[in-house]
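After the structure tokens below, expect a handful of questions from me.
When the chains are written out, they are named A, B, C, D, E, F, G and H in that same order, and each has its own residue count from 1.
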Amino acid sequence: MTLELLEGSEAIAASAIAAGCRFFAGYPMSPFTGLLENMSRQLPLAGGVCLNAESEIEGVNMTLGAAAAGARAATGSCGQGIALMQEAIAEAALNETPFVVFNMARNQQDYFQATRGGGWGDYRTITLAPKDVPEAVEHVQLAFHLADKHRAPVIFYGDPLLAQTRIGVSVRPLDFGPLPPKDWALDGTGGGTGGSRQVWTWAMGKATDPGPGPDRHWRAIAEKFAAIDAIESRSEQAHVEDAETLVVAFGSAAKFVEYVVEELRADGHRIGWFRPVTLWPFPGEALAAATADVRRVLVFELNAGQMLDDVRIHAADRSAVRFIGGVSIAESGLAYGELMDAPVIRDRIRTALSEGGRS
Amino acid sequence: MSEQEVGARRGSRGTLVIAEDRCKGCELCIDACPPGVLVMSSEVNEMGYRYPELTPGCTGCTACQLVCPDFVFSVYRFTSAGASGDRHG
Amino acid sequence: MERELVVTGVGGQGIQLLAKTLALAATREGRHAMLSADYGGEMRGGPSKASVVIGDRPLRALPVLASAWSAIVAHHRFSEPALARLRPGGPAILNLPLVDPASLPAMTVYGVDAAAVAKSVEAPQAIGFVLLGAYNAVTRLVDPASLVAAMQELLPPYRRQHAAANARALAAGAAALDVPGADLTEVSR
Amino acid sequence: MTVIDTSQPPSEPARRVADFRPSLLLGEHSLCPGCGEPVALRVLLEVLQELDIVQRTIGVVGHGCYGSFVRIMDVDVLQCLHGRAPACATGIKRVRPDCAVFTMQGDGDMANEGLQEVLHAAARGEKITCVLLNNGVFGDTGGQLTAATVLGQRTKTSLEGRDAETHGYPIPVADLVAGLRGAAYVARGAVSTAGGVAQTKRMLRRAFETQLAGAGFSLVEILTMCPTGWFVPAPEGPGYLGDSMEQAYPLGELTTWRH
Amino acid sequence: MTLELLEGSEAIAASAIAAGCRFFAGYPMSPFTGLLENMSRQLPLAGGVCLNAESEIEGVNMTLGAAAAGARAATGSCGQGIALMQEAIAEAALNETPFVVFNMARNQQDYFQATRGGGWGDYRTITLAPKDVPEAVEHVQLAFHLADKHRAPVIFYGDPLLAQTRIGVSVRPLDFGPLPPKDWALDGTGGGTGGSRQVWTWAMGKATDPGPGPDRHWRAIAEKFAAIDAIESRSEQAHVEDAETLVVAFGSAAKFVEYVVEELRADGHRIGWFRPVTLWPFPGEALAAATADVRRVLVFELNAGQMLDDVRIHAADRSAVRFIGGVSIAESGLAYGELMDAPVIRDRIRTALSEGGRS
Amino acid sequence: MTVIDTSQPPSEPARRVADFRPSLLLGEHSLCPGCGEPVALRVLLEVLQELDIVQRTIGVVGHGCYGSFVRIMDVDVLQCLHGRAPACATGIKRVRPDCAVFTMQGDGDMANEGLQEVLHAAARGEKITCVLLNNGVFGDTGGQLTAATVLGQRTKTSLEGRDAETHGYPIPVADLVAGLRGAAYVARGAVSTAGGVAQTKRMLRRAFETQLAGAGFSLVEILTMCPTGWFVPAPEGPGYLGDSMEQAYPLGELTTWRH
Amino acid sequence: MERELVVTGVGGQGIQLLAKTLALAATREGRHAMLSADYGGEMRGGPSKASVVIGDRPLRALPVLASAWSAIVAHHRFSEPALARLRPGGPAILNLPLVDPASLPAMTVYGVDAAAVAKSVEAPQAIGFVLLGAYNAVTRLVDPASLVAAMQELLPPYRRQHAAANARALAAGAAALDVPGADLTEVSR
Amino acid sequence: MSEQEVGARRGSRGTLVIAEDRCKGCELCIDACPPGVLVMSSEVNEMGYRYPELTPGCTGCTACQLVCPDFVFSVYRFTSAGASGDRHG
């Protein structure tokens, strides 16, 4: 396996193309811009189309159109740009159009945005949060797979460290197993047959072949998401067996936590870590099991406490949960501040260790 | 051709089929008909709307069909009237 | 074993290209490399930093280094935070006379007047490559030929004409090690 | 007064020159009496049939009273978000360049919520056909002022009539689009008269021909009656349209592209 | 006190004007449309401005502008329209511009949208959810008060029942106490003084007078919201003392639940109800106290289970929590379906009662 | 070569005819060498001072390199969301009709993200002044293609140059706005030559006069150099602007309003 | 005590105006009233329903009535769900001959040929007011004068000319009660 | 007036104050100066940029000041040169 030295954005673009993505529409916004630039360079060479969408709203709706026509398609942005896409992401969840949204976030402050939507209606978005570039390469392809598997938009939650770190990686197509045919996709051939196709959030169907309508359709969608919740959560953990303290973190922060926890174990602390790999579905059962015997559950995230809600819902004993993260932003506003740093994290964990927990 | 039909035919180069149950009584066809041969019924249809009725003199010009929002009309042009009668082709 | 390098300087000194060259050279040698860049949205004269990690197995290091083994200090401005993370004992290449050796922790410090060396081989823009050449001569992290190849690979088509000068700068930086004196001085503190 | 029996086709020799409705219609619509939108739908579907592109056509329909046409048009359709049809159509067209892709939007949809979408698509020269059903009000929400409401028009949110000082001036969408180089065919028709309907149909045909020839973006703005939103009796709709909207929005071809 | 028979939308408009609202910008969408129509009629008579915003995004940004200039201002919409406003609502939370967003929702499926934002960054939105028109009249004025008190956007969460029910009410200005001066508001007079004003999410200040910048500013904002969380939650409850079963519901649904619970008590059941009046801050402590001694916590909401998360976080014992709500939509997609009905709710509660709970 | 001492004002009788920078500037900007945006800022501030409206002016600034001017202009400012300045300005103006309200936006801000906002504000005849700094790229994000990028221009997302077939045609914002009745003053200037700067300043002055007279909406589009985004050396910026952008976007007044 | 009325019919029968008139009349009498309307986005001929609740204290009733005391049934189409909620024994006014008395639960049923009565007083459009007049005559929920005043208040300026006809319709509906016979028949089942 | 000043003054109707530390070396002023009396320095300023220097012949036309993005110039017109020299007012 030869490694290529690729910037995160470059590797993610290559992986998306390897996954069969053939349509991309995006609008520049740091640190998403690099992915857009790479896609605009690489995708045409692979026979795909990359559009300089004139805005995020147009970008996500172009993507929805391309995906409704059956293509593997993606868009992306971060923060404000993703906020602008919420209406369409919800729409896609409710009219069952699969595509991938690359949220190359500026920080971890958009956990709620990803996991609780903010679009409208009862929908959820599968959200993958890789911890580094090699995992990102895999998640990109998994994201397209899950989107098609469940006919739903999937969010890839990255950050500046993922986007801008260059590292030796190898990008090859991955096989996640067979998928249902896209027989629902619009290709024009339904016209005049009496059985023309329809992609419609309200699912009212045709006069000659009525659909379920919003009440039944939206209930079915809610059931679909409940089913996804039951089967698609992913997590990673270490040293849970003997841990008195478990640190929960996601994305890049989890990589830092893992590093620090290994150091602390080397120092003799009975400590472990837990990482939700999917932010939604949140790996609640796994967390409940992992926290069954610990005294402290420390939550580290670079925000004011968002994943914290999910940890509180699922930790075996919510009174054991302590928040050790916080808002931390670079002066530019475009990257992490000083909290995303191993020594700082070590200090925070040490302080928490000295404070006791449930007995 | 029945006698009534012949009477109706008099002076008409065309005729209609009117799906009166589909009519919503907007009267757009009435004003649109160049020779003014459509009149609104005094009866109402199933939905409670008055609908157009055809009186003699239809030219088969299709204006009524063109403007009707409820797809009420089919228009026929008599072929036996000779070429000269068919000015609106 | 993982080897970490931090490079710190100001925009325009070729910091990013230097770091990329080293990381690519290691990659092309089949090793594992990671490069983290950290430059503001600022224009010329603003801070420019990079870190490179090289190892023989998948890397453990974080993109924000907790500590580093070695350094190239191209400019003293903005260098403080990076220097604070150096582990004592490792090698550091300083750009003389801009950087004061006293600013470093207990490192094995080598100074090089990169501007003068670069000028001397008619590669005045290639200060970064002089420093890289010197660094690699000290640390022997990669084969010098790999550095040249990586440098060439990284040049965009419209800059190909600089390849020879850059190669001279790399060599001159390395050569400076063989000639003790003003150009390259091991400074012990 | 002789009333002719019109329950059956004539038994004497006759040629059917116009049918109830195109075969692509799957059922009845539920729009108001005298509404102009179903007329536009009919001619659009007829054009698809006449160009023989029915089985490679994809429609993108916005939000408005015409939105319910999704249930009755026998064409592959994406019902999209309010205002976003040109963007969705762009995505579809780019991945299915052999399809004919059209949008159906109202003035609220195109001149308000999605003005940007249609202008950007036009500037991009996107090879799609956008159809604007302009009745100068948000019909579907009960008749409020849109960006295309003509001056003086009373609506639920301009009870004293649209006044330029307070509400600004109406936006002539087709004219704006015609000002962009990517637009290869731009025209404005009306369905208030039989002649207007026929002309509108020709415009739609040319718009699709433009798309099929790969010449660029095409737009047909169609003025349609909304007696409900205008608070006028249905029979007065066409006259009202002629007296108000047509004055602000002259009919005709604004940009044409020739083979 | 003479009562006027007012449609909800009409009463809400009148109350907003009584609260001093002088700028409104909205875009039609059922069932918000009625409020827009009423404002466009009533506001100019009160010397205010009501704009037919050309879209929701323009509407919310116009409102942000008017509020930044010091006016009491409001906008509104529902569902998709609110989704489109998320970017600006987050912006206003982060640059501290106070206004009110009337979310006349089509149903209760937008709880996450209101309480978890979906905008971007660490912000929260105070969300008031009245149960009927008379309370709505009060909440409207409270919303403007809280917005100004905390310099933050406030969401009023209504629904079709609130918007379209006509009822005898009395609308008068209410006094919620003094407010800080709006000395931060832009009025132009700062120009040329060296101390010109700035409303800016990044809070970087002027070259001559640097601001905190995003890191410190956003941390301060997070602290502000934590403080609001601590003091502004509101709830209502009944029969908690002796209840074995507590039913939690918000908004109109809570009114239905209250009605049914009273019936069940009349039948001899030991049952009570709890209503979060503010959806955020969620009255977590009050709920914890109210659920301390119950066997069952039933959550009734007209969605797939959104407030459920907050109940799980705060209920004394989360294993006692049962969901008895669900998605229920009218065929039109514009109003509640058959679940918003006292007999149906009574059945669901009865079934739950027969199923036991924690012991 | 004699070099004159320019460290001090001359000691012999002389009149200062041009100053470093207007007093409304509070500090240095950090934009690239040869950037045209600071020049536009200077003339804008001079106009505010000359019209004596500094203490009743409110600016609304969008997202782009010029965004950092918020820190150095001594004017009450709302830093708004990308593309939304005209909407924010509308809200401000409607509640403070006596203030002069302007926006400062780039082409990415106005022709891309917020095309709709400016067109709607113009159609509404909103009494605000919008200033478009058009450099044909997203400067701030590193030089990608905008809706105003001229044909043939290389950007980071059109490496082979903007090609109409793939990327569409550039949008002439001022011309579009000039097509709307609510627009009372529309002009396009450039800061690439001294004459252009002086002309641009006059345009800005007229735009504000239009606003103050309550005549309607005003827009000044200003072509500015972005050597960084154009990948040209700074000294070549003005020439490049003249050869490329000015050809696509002719300078002059498009709509004028007279007292 | 709270009194609930459900009104059910089809679009165009004046259902909403009838209900509004009753609720406003009660409000003007200083009582508490609530009116819930339920009409689809549909045009003429679609379902039209309303419910009115009147009481002397703040109301307990929900905007979706759990049950109702009384009814006005103007059309049989779409009426089923509303009728299912009627409490037995209460009064119901039926629009004859459109509505079949057998369709109701055990109510005290009054039939009135509203169209005929309306026509007889030259107020052919005022079917709803005939039914309301009859209903109020039976239930005496409000003063008949209040109904007339409320009806007048609700007329938009451009419909003022209908006031007299509507008032005649209200009166005729009420009067129909005094004249047993075809116009108003108490049907007991 | 020093001797040097007099020399500099020769043929000049105006002069400048150049805040050279603010200059970013873009050279826009060089091309903009109608008489071409600005030349770039060989030295660099604090930020590392070369900056313009004034040679004799300045007309005080303000072109340099108008185009400079970094607000480097103040422009003076000599008043003692008599009215005729002041053509660019």
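Just so it is clear, a contact is a pair of C-beta atoms (placed from the backbone, for glycine too) under 8 Å apart; a residue touches a chain by one contact, two chains touch by 3 or more.
Computed from a predicted structure; not experimentally measured.
Counting steps between touching chains, the shortest path from chain E to chain G takes 1.
Contact count check for D-E and A-D (C-beta pairs in contact): higher for A-D. In terms of their C-alpha centroids, the spacing between chain D and chain G amounts to 42 Å.
Each chain gets one centre point, the mean of its Cα atoms, and the points for chain B and chain F are 62 Å apart.
Once the centre of each chain is set as its mean CA position, chain C and chain E turn out to be 57 Å apart. For this pair, chain G with chain H, the centres built from the Cα atoms lie 90 Å apart. Within chain A, residues 30, 54-55, 80, 87, 91, 202, 331 each touch two or more of the remaining chains. Counting partner chains per residue, chain B shows two or more touched chains at no residue at all.
In chain D, the residues that touch at least two other chains are 28, 31-33, 81, 112, 115-116, 120, 147, 167. The touching residues of chain F, when paired with chain D in their complex, are 112, 114-116, 119-120, 123-126, 147, 164-165, 167-172, 175-176, 179-182.
Interface residues of chain F, counted against chain E in their complex, comprise 23-24, 26-28, 48-49, 54-58, 60, 70-81, 84, 87-92, 94-96, 99-100, 116-117, 120. Touching chain G in their complex are the following residues of chain E: 2-5, 30, 132, 134, 161, 164-168, 252, 255-256, 259, 331-332, 334, 336, 340-343.
Interface residues of chain H, counted against chain F in their complex, comprise 1-2, 4-5, 7-9, 12, 14-20, 22, 24-28, 30-32, 39, 49, 53-56, 58, 60-80. Listed in rising order, the residues of chain D touching chain B in the complex are 1-21, 25, 28-29, 31-39, 42, 191-194, 197-198, 227, 234-235, 237-238.
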